[in-house]
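I've put the structures underneath this note.
Below are two complexes that have chain A in common, paired first with chain B and then with chain C.
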Partner chain A sequence: MRDLLRSSSEGGGFVPPSSGDFELPPIFGDNVYTTKPIALVFLSVILISAFFIISSRKAAVVPSKLQFAGESVYTFVRNDLAKDVIGHDFLRFVPYLFTLFTFILVNNLFGIIPLLQFPTMSRVSFPYILALTVYLVFHYVGIRKQGAIKYFKEIMFMPGVPKAAYILITPLEILTFFLVRPLTLSLRLFANMFAGHLLLLVFILGGEHLLQGVIGLKLISPFAFAIGIVLTFFEFMVQCLQAYIFTLLAALYIAGALADEH
Partner chain B sequence: MQFVNLAAEEKINPLIPHTAELIVGAIAFTLLFLTLRKFVVPMFEKAYTDRTNAIQGGMERAEKAQLEAQRALVQYNDQLSKAREEAQTLREEARVQGAAIIEDLRAKAQDEAARITATAHASIEAERQQAIASLRNEVGTLAVELASKIVGEALDDQARQSRVVDRFLEDLEKSK
Partner chain C sequence: MSNREENAMWSIFGYLLSGLLFWGGIGYGLDKWLGTAYLTLIGLLVGISGAIYLVWLRFGRQ
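For the complex of A and B:
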């Protein structure tokens, strides 16, 4: 609908998709809480909760297919992410990491699920919020584990480094811990989803536009669609990977805060 | 639609977050976190523990069974060797006993044989004496009768009679 409107308003010339395509209007009137991304976020919460509650309800020793599916995801986060990275005392971070992974994964996958087709994480607000939780969690854990003074002291003055090097290292470390980490974490996720969606838009909308052109252009449009389909598979990979990376880094930061020495 | 066009014209910076989305994101994430922590994680952990216990229990049971089997085997082997030894001892004993019995029987038989021989000798001797005595009487009477018939005189004198018989017998024995 949007694209039709646009092409009509622009008078036929192809307008490449831009950041404006991510600014979706509210579904109901002017209420900013009824936009598509917000609806998708709530949908993801409902879907994830429902799936895992149903699949874990029986908690049988010999799992059903459904339980096995749910447990596979849980086991992946629990063992391959939490246990391997955090090690001792990892269990109390499993719920958080599990939520992080499933939440990001499902919202990413919305980008290629037919009809939904919008990666929620391409709205920068959500990665910001998630990165903020990571930021709060790992600093909180570090302070709880080592005491505020020791924790911040070790960040600023890394042990085992010659004193002169502090001139260089201290600002870098402070920057890393308090600015770079949360920023890269959120921007990596956001940029991947944003760019991926934009890429899909270019090829799909481009193909559509070619289809409306002269006969020669019509013949080219299937290639554009084909590339769009290939990119959809590629996007699937990127979406899974980004969910994994985000959770892995969160686990690494927590592990770092828990470690006695950095 | 105006919203879109306006936005597109304003050159939106995609890095600026929306307040509504920030709030929703925080609420949604918290909601999901609480739900998963309360309902899902404990159940999966329970399944984990149950499974671990089941596997561990099974392995422990198997180990115990194996140990028991091993013990039983040792016991049986022990019993078997003991039984063999016992059988060996019994055989040996039986052999010795058999030999003793045979020896005993042989001795007894010899004794018996000797006894029987002795009794036989004794009874033969007695019968011989008896026969001698009765012969002596009968031969005496017959001889006296014969002699008295021949001589014609009655030899009623007992003393003479016996004297004549004795002499006759002596002659008889000498001639033999």
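For the complex of A and C:
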């Protein structure tokens, strides 16, 4: 795709990376389903399943290195995310949160793994669907726990507030719970991955372009690559953090729906 | 940052955003309908005060 763009702008003008770089052509065939992001999603599912099946297959009291690695991830989600946030009755949400965390984490990390190098979550539909599942789960849990009428009443009418104030704040509560929450959840993940990938593209493709220039530009090029490498480590941090925040907020929303008064 | 602070931060952000969107949106709609120009601003102000009031209710009073 980029080669095409470059050869079309003969004379070597730099083509800055844009949102077009995220619209990848299908790997084979002529449809919208065989694109790289979809292949990456399948790959992530295979990788995650394989890793946790292998790491837990020969579970022993004295764990192997692999088993230890698998168990640390699980323990982290179970204790630091589910148990701390949801409190008692947390166990039935652990599988969901664990899936969410590992799925997002692996798909984010694809952004900096050599050869793959595309964060799946930089295509906005994937975060949308993930946020939709969170949305369904936490409302379902809340309705089941408290009954539909009580649940919606708790959201809309906070106790201990003068009646006139409800006109001002009830619409805000409704909007926050039913629109802003899932939207910010998905857009935060999407925007972080999108911007991060774009940033890496700018520095690494920019470095490559400088390398093709005159000698003065060639000398600057290593700095662009160096910044690109530093930013890759920075991206690694952001990718882990975003997977964590998404799961944490999912747990917090579930906890809020379960609590008698939030 | 602790989980509690993380929760507070994003809740506050959510309230402020929905405050601006909802009351600002109503102000904008009224502006279009009545042909005035100042109701969007009033709506935004009402929205932000409502959101801050809500944040205070949820996190401020103990």
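One rule holds for everything that comes next: the second predicted complex is superposed on the first by the 252 of 262 C-alpha atoms of A that agree within 3 Å, B and C clash if a C-alpha of one lies under 4 Å from a C-alpha of the other, contacts with A are read in each partner's own complex, and residues count from 1 in each chain.
Going forward, a residue touches a chain if its C-beta (ideal position, glycine included) is under 8 Å from a C-beta of that chain, and two chains touch if they have at least 3 such contacts.
In this text the structure is predicted, and so the values were computed from the model without any measurement.
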First (chain B), second (chain C), both or neither touched by A:Arg181: second
Touching partner for A:Leu205 - first (chain B), second (chain C), both, neither: neither
Residue contacts on chain A - larger count, chain B or chain C: B
Which superposed partner A:Ala131 touches (first chain B, second chain C, both, neither): neither
Which superposed partner A:Ala243 touches (first chain B, second chain C, both, neither): neither
Touching partner for A:Leu252 - first (chain B), second (chain C), both, neither: second
First (chain B), second (chain C), both or neither touched by A:Leu231: neither
Partner chain(s) touched by A:Leu97 [first = chain B, second = chain C, both, neither]: neither
Touching partner for A:Ile155 - first (chain B), second (chain C), both, neither: neither
Partner chain(s) touched by A:Ala165 [first = chain B, second = chain C, both, neither]: second
Chain B and chain C footprints on chain A, overlapping residues: none
Contacting residues of chain B [partner chain A, same complex]: 1, 3-5, 7-8, 12-18, 20-22, 24-26, 28-29, 31-33, 35-37, 39-41, 43-47, 50-51, 54
Sites on chain A touched by chain C in the complex: 84-85, 158, 161, 165, 168-169, 171-173, 175-176, 179-181, 184, 245, 248-249, 252
Chain B partner contacts - residues on chain A that touch it in the complex: 2, 5-6, 9, 18-20, 22-23, 25-26, 32-33, 35, 37-38, 41-42, 44-45, 48-49, 52-53, 56-57, 59-61, 63, 67, 70-71, 74, 78, 91, 94-96, 98-99, 102-103, 123-126, 128-130, 133, 187, 190, 194
In the complex with chain A, residue positions of chain C that touch it: 3, 6-7, 10-11, 13-15, 17-19, 21-23, 46-47, 49-51, 53-54, 57-58
